[in-house]
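One chain, chain A, links the two complexes that follow: it is found with chain B in the first and with chain C in the second.
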Partner chain A sequence: MYVLLVYDIREKRVGKMLKLCRRYLNWIQNSVFEGEITEVKLKELLAKAHNFLDTDEDSVLIFKSRSQQWLEKQVVGQEKNKLDTFL
Partner chain B sequence: MRKTYYLFNPGRLSRKDNTLQYTAYDEQGLPGQVKYLPIMDVADLYVFGSLDANSSLYNFLGKNGVSVHFFDYYEHYTGSFMAKEYLLAGKLQVQQTQHYTSKTKRIALARKFVEGSAFNLLKNLRYYQSRGRDVAAHIDQIEGYVAALPFANAVPELMGLEGNIRQTYYSGFDRLVPTDYAFGTRTTQPPQNELNALMSFGNMLCYSACLSQIYHTQLNPTISFLHEPGTRRFSLALDLAEIFKPLLVDRLIFRVLNKREIRPNDFVQDLGRCVLKEPAKKTVVRVFEERLKETIQHRSLKRSVSYQHLIKLECYKLTKHLMQMEEYKPFKAWW
Partner chain C sequence: MYVLLVYDIREKRVGKMLKLCRRYLNWIQNSVFEGEITEVKLKELLAKAHNFLDTDEDSVLIFKSRSQQWLEKQVVGQEKNKLDTFL
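What follows is the complex of A and B.
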């Protein structure tokens, strides 16, 4: 499964969310992550996020697609982080 | 599927916030942009450039089951950091050892590896034969050697036949690649011309790919059947690679040379040794990676399977054979 994860979280907790997401997905822009992830791993990520999230204030959106090829991505302007496995 | 990361640039990899942080160095050795690699998405790391790292990073990689393969300046495989074995199976280990010590059991398996390898490389030759390259003589000669396989009674004899098959096969290479390249004979340590350099590099990628897959099964990578299990090397990966080299490496060589993705000036000749230049290495690795990810429709599984997964399936078949559940049949390309 290929997902796009976007969050809007109070400053106090935003750092925690950033660090958590970095472990599972690729950072592409502030508060935006994307990447290949399994159903279970995504559940794990969300379970961990629930430990600190305040659901009255914060919001996390996840866009799922079956695989990367079903997601058309267009970049206008700067691409902040190129996703490449050749470093 | 977790991804393989290839580190070419010099840089520092460290553990940060329970994930991997990679800082590339520029020409002056100054740290550049920081990148985070999602640890949950990393299968293994191939390190070609110089990498700074500390033990806490390796502890972290070990805990997450990520292995690191190292290659020296001359792109030889120098070794691996393997994460702690997580699939232990005493019963299989005992069986694997018994299949090695019993002469009849060992030769039966070793023969299968050579058979599989010969079948796949003949497939390559036949493909080019149908494309109007004259390799009929080579095919006949190899078929002769294959016919002799069932009569080989000792492993060195098998290795000899295998050597003959390869030699004949390589002598046909000159007709399959552009005329700028002459193969001559197979030279290693160091490879002396372009084709040999490309082949050494490709084989090494193939060995590491096999080793990575063996690691994810319960097989012990040090006990092999065709190659003699030495010390300090994972010889089972060499056995498995025999079967996959014609598919993964040789076809890659034909592709990059015939499509001119690599040209004669992508090599450096010095001191009787030939090596690939940096951008050419990247091209080869990229093509190899693409090939591993490519999928084919599997006949008996009735679903599409990547080349990488084919290697793992091969390990499973081997396991079944060792546990005496099903006789091992080497993988033979059917397309």
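What follows is the complex of A and C.
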């Protein structure tokens, strides 16, 4: 399945989440990842995230689509992942 | 159609984008909006955004799905829009 993952996490935990998500998905923008992933791998990612997230403060939203074809992407301005830099 | 809009915009322009997007979509997380919108209304939103965005610096990504049913949403931690506060 194809997923979009966006997170809003306290500064002190952002680095860990960025590092973790990069192992499973593609960084596309500040706190935003996309990519193909299996249900099992997504569960694995979220289980590891639960080790350090504070679910009373942090927010992670995952949008799942059966396939990338069902999700048309439009870019206005910079497509940051092309530069492959991240904040 | 159902859209997800995420932006990564320089601090001095964020307020304007937040105010603009709230008139068309639902704020769900820091720099992330979702909602039903017509192609015409989305074009209108983006045309207005172009008035103040710096497309050499700023990044707006729009993910379009034919319908919300094609996009399953999973929340880990806080669902921020429930509190209806924003940063």
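To be clear about the criterion, the second predicted complex is superposed on the first by the 81 of 87 C-alpha atoms of A that agree within 3 Å, B and C clash if a C-alpha of one lies under 4 Å from a C-alpha of the other, contacts with A are read in each partner's own complex, and residues count from 1 in each chain.
The rule we apply is simple: contacts are C-beta pairs under 8 Å (C-beta built on N, C-alpha and C of every residue); 3 or more make two chains touch, one makes a residue touch a chain.
Model, not experiment: these values are computed from the prediction.
Of the two partners chain B and chain C, more chain A residues are in touch with C. Of the two partner chains, chain B is the only one that A:I37 touches; chain C does not reach it. Of the two partner chains placed around the shared chain by superposition, neither chain B nor chain C is touched by A:M17. In the superposed pair of complexes, A:L25 makes contact with chain B only, with no contact to chain C. Shared interface residues of chain A, touching chain B in one complex and chain C in the other, do not exist. The part of chain A that touches chain B in the complex is made up of residues 19, 22-27, 35-37, 41, 81, 85-87. Residue ranges on chain B touching chain A, taken from their complex, read 1, 3-9, 11, 17-19, 22, 24, 35-36, 38-41, 282, 285-286, 289.
Here chain C touches chain A in the complex through residues 4, 6-8, 28-32, 46, 49-50, 53-66, 70-80, going by the rule given at the top.
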